[in-house]
C-alpha cells in the first residue's frame, strides 16, 4: 500500500519590513509583517530532494524588502498584489502566490517621529494566480466592549446548564474580521486605504449602535452593515472570542450598603466563547482560492 | 442587493480541564485544554437574536468538566469522542460537533507529585456527525534539530537571490503534525495511546535518520514512515517552520586561529521558512469534514 | 550549620478589575490589572505552616474588587493608595503593602461603547507603611521611533567589534519608564491624571525633539525634561530596549538603480540592546522602599 | 533645581547562542539565551553623547558568540564567568559585568539529532568585578504539582474573606528559584553541572515529599533542603506563583450520582497568588551585588 504527496505550500513567514518614505522632511512609516506562500508543482523537492524548481524562502524575503522600495507600500493590499505577482513570475513551478500582510499603525509625534498606536492590526491577504487575483482586507485583535445593551437569554438548557439569564451584561470581543473584495486593481483603481478606513468605521459604529441579544447577532449586524456600505465587497468573515466579563458577587462581603449594580467585573482569560460566522452578499462571485490557507475560520 | 448568513460555528475555547485519578495512592493526572464547537442550524441566533436552539458555551464548558468524570480521560481522542457525541445529542440544531484537545504531559516525581514535561503537546481533533466520526491525532510544538546531514542547494535563482548553497547546515523545526485515523472507536477498539506513542517514535526516528536535502524531503519521509508503520492512518499533514540557525561569521574578528567549523550559530526568530505538506495513503477514504475548522494548514 | 527565613512577601498578582461608571448614560471604563503584595512578619507561615497572621491572597483579590466600588478608580495611583492602606490595616502582621496597577486605555466609540487603544500601558506602584507612602507613576511598552536624527559613532573598539559607525539610523524603543512623586495624597491633592498626561506628553515631545548620539543621551534628555517640567517628581527610571532596525543591503540584488537610501529596514526581534538609567533631582528625598520589589531595573 | 545621572547599565539582551560540539560523530548541543550588562562610568554617553568609553552592545553580542568557541560552554555558569571577565577587561570604564544565561535542554534522539525537552529552564547569573565574582544558579518555569497532601486553613479573616478552608487541594506552581554559590571557580573547581543536577533533584524530591500547609511552608522546606544538601550554597530565593486549580462544583448538575471527589479541576490563569521568599544560611557571606539587576524577587 503506497502513498503520495498531497497539497503543499511553502514560503517565508513574518518578514518584518519597515518602509520609511523620506522624500520630504515629513517622513512616513509603513510597518509590515509579511508572509509569502507559493503553491504549485514542487513535488520533486518533497519526493526527491530536488530544489531546481524551488525559489528559496530567503529569496522571497529579499523580494519582500526590495519591493517595499521598487513598488512602494501605498497600502498593504497594493504592496501584496505587486509582491505576489512578482513571486509568481519568478517561480515557473508556482501556480499561485499568496501574500499575507499585517500592518501596524503609528501616530505621528513629529516630522520624523512616531509612537506605535497599538489597537487593531490591519491585515491583507492576496492570492494571485495566472488568471485571478483575490484580495481580503481585514483587521485583527480589534478589542471592542459595550458596557450595556447586551443580553443573553432564552437559550437551550440541559442538565449541565447553570448559566443564569442576563438582561444586562458586558459584551466584549477581540475581533478578527476579513472581507473579500470583488474587484482587485485589475479592473479599476481601488482606493484600498479609503476602503479600509470606511470599513473600520462601519464595524465600530455598528458594534456601538446595535442592541445585542447574542454576540452572533452583533456580528451579523456588523457584517451586513459592511456589505451595505461598500458595493465592492462580496463577503465578510468574523472570528470573535466572547471575552467574558463576570459581575463580581459582593453579597458575601460583610459591608453595609455594598452592592454591585453592573459596576465591577472580573475580566476572564480562559475559557472564552468563540463565535465565528460569515455574511455573504447574495450575488457574490465565487471565492476561488481567496480563503485557502488563511489560518483559522477567517 | 441583499446578503445572507454563511457558514458559522460556535463553542467554548480553551477550557482547562485537569482530571486527577485517585483510585489508588498512586495518582494519575490528565491535563487538558479543551475547545468545543457546534455547527448546524443556528441562523435564528445570528439573524433574529433568538437563542432557543443555542446550547450555551457555558454549558459546553460544564459538560467538558462533567465528562472528565462521567466518561474519564483514558486518552484525549477517547474523551473528545464522548464529549462530541454528548454535545451533538444535547443540541438538536447541531449537525456536527468538533472537539479539540491539547494534552500536556507530566512526569511523575512521587505517588501524587508531578513535574510538567514541556516539549511537544499531544493533540486530538474529533469531528462527529450523526453518521460519521473523524479522529485526527497529532503533536504541536515538537522542536527537532539535526546538527548535520542537512544540505540545501541546487535551488532556483533570480536577481534577488543571495543565499549561498549549504552543504552542511542545522535543520530545526517546531513541528505541528496531525494524522487522520481511518478507524474510530465505532468499528473496533483503537488503543489511542499506543498509536500516539508509536507515531511520535516514528516521527522522531525518521527525523533523526533521514539525510535532508530540504525540509520538504524530511517531512515527506516522516509522513511516509508514519503511514507505513500504522495501517489505520489515512494521511498526515505537517506545518513546519524552518527555524533558521545561521552560522556566525568569525572572519572579521581579529583573533588568531578563531574559526567556526559548524560550531557556533545564532538561532533566529523571524522571519522563518514555513513548509507545509500532506502525505496521503493511496486508498485513503474521504476526509469528509475531518479537517474543517482546524486552524492553519494542518 | 543552620539557616533562616530571609526577606519574603506574598500577595495576589494580576487581578483583572474592570470598573464601569454608569451614573449617567455616558458610561466610563477603568480597565486594570492589579497586583497586591504584603510584607511583614509572616515567618510562622513559612516555618511552621501557621496561617493565623496571613490574610489570604483570595481576600486581597476580593478587596481589590470591592475597593473599585467603595473607593472608585479616579486614577490608578489614587485607587492603589486606598487599596494598599486597606490591606495594611486589615493585616496586622504586615508592615508594608505594595500595590501595582496597569491601566489599559480605551477610546470611546459611543455612550457605552469602547475600543481598546493599545499602545503604552499606564502604570502605578504604591508602597505604603505605617508612616510612609511612595508613589511611582509610569508607562510600559511605549513604542517610539525616530526615522532620522540618530547616530552612533566614536565608540570603543576591540578585536570583536564589527559594527559600522552610523550617521543616520532609526532609533526605536519599547520604553518602560517610572517616575517617583515626592508628594503623595497625604500632603495635598495631587491630580494624578493631569500629572500622567503631562508626563507622557513631555516624554513624547522630548523623544521627538532630541538629536540622538545614543539611546543613552535620549533617555537622559527625556528624564531631565520630565523633572524640569514637574516639580513634584524626584527621579525617573528608564528601561529601554534598543529595538534594532537594520538597513537592508540592496547591493547584491541585480536590479539597475535599486538603492536603499535609508528607506527599507528589517525590524529585528532578538538580540536587542538594553539601556537602563536613572535621572535624579539633586535634592530628591530618599526613596525608602519605593522601588523595592519592582521587577526589572525600573 | 538641577538633576544628575543616577545608576545606569547597558548591554545586549537575549543573544541566542547555539553551540554544537562536533569533535566526534556524537554531537553535543548547548542552546543558550545570553544577556550581558556593563556597569561603570558611562556618564559621558548619557550626558554628552560621547561613546568613547562605550563598548557597543553589538560587540558584546559578537563576544558572546566568539566565547562559545574560544572558551566553550561546559556549563552556563562557567561560560558566563569567562564572558563576564572578558567584557570587563575589554571595557575599562566598566567596574562590573553581569551575564545572565538561560539554557534550554534537549534530549538526544540520534548521534546528531535532538528534541527539545521543554520543562524548566536552567539559569545562571554571574556578576564580576575586579575583585569579586558571584554566581547564581537557578531554574525558571519549573511547573510542579501535588495532587494531595496540601491544605490551607486557619488563616486570618476579614469582612472580604470568602475563601473556604481546604483540607485537601492541588498545590501547583511554576517555580523560579535561584541559589547563590559561596565559591566561584576562583577558589576551587566547582562542578556546576553536578551541582545543578543535584539541586534540581533536591527541589523535586522535597516538593514531592513535603506535606504542605501553605506554599510558603513548601518553599521554606525546599530552600532548607537545598542548603542542607550543598555546603557551597549561601542562600536560595524563590518566586512561586500559586497556580490555582479550583475544584469544579458538580452539585448543580442534574445527574444522579455525579460527584467530584477531588477529581476534576479547572486550572486558572489569572489572578494567581505569588509567594516569594528567601532561605539563608546563618553564616552566609555577604551577597555584594550578586542579586543586583536580577529581574523580579529572585
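The chains carry the letters A, B, C and D, assigned in the order they are written, with residues numbered from 1 in each.
Just so it is clear, a residue touches a chain if its C-beta (ideal position, glycine included) is under 8 Å from a C-beta of that chain, and two chains touch if they have at least 3 such contacts.
Protein identities per chain, from UniProt: A, B, C, D = Uricase.
Bear in mind the structure is a predicted one, so any value in this text is a computation, not a measurement.
Set against the C-alpha centre of subunit C, every other chain centre is closer than that of B.
Looking at which positions face the partner, subunit B and subunit C present mostly the same ones, since more than half of the interface numbers are shared. Each of A-D and C-D has its own count of C-beta contacts, and the greater count is at C-D. Subunit B and subunit D have Cα centroids lying 30 Å from one another.
Between the CA-based centres of subunit A and subunit D the separation comes to 38 Å, rounded to the whole angstrom. Centre to centre, using the average C-alpha position, subunit C and subunit D are separated by 23 Å.
The set of subunit C residues touching two or more other chains comprises 15-16, 62, 66, 160, 162, 253, 255, 269-270. Those residues of subunit B that touch subunit A in the shared complex are 1-16, 35, 37, 42, 45-59, 61-63, 66, 90-91, 93, 152-158, 160-163, 212-214, 216-217, 219-220, 223-224, 227-228, 231, 235, 237, 241-242, 270-283, 293, 295-297. By the touch criterion stated above, subunit B contacts subunit D in their complex at residues 15-22, 27, 29, 31, 62, 65-66, 68-70, 106-107, 109-110, 112-120, 142-149, 170, 204-205, 207-209, 245, 248, 250, 253, 255, 258, 260-269.
Subunit D contributes residues 159-160, 162, 252-255, 269-270 to its touches with subunit A in the complex.
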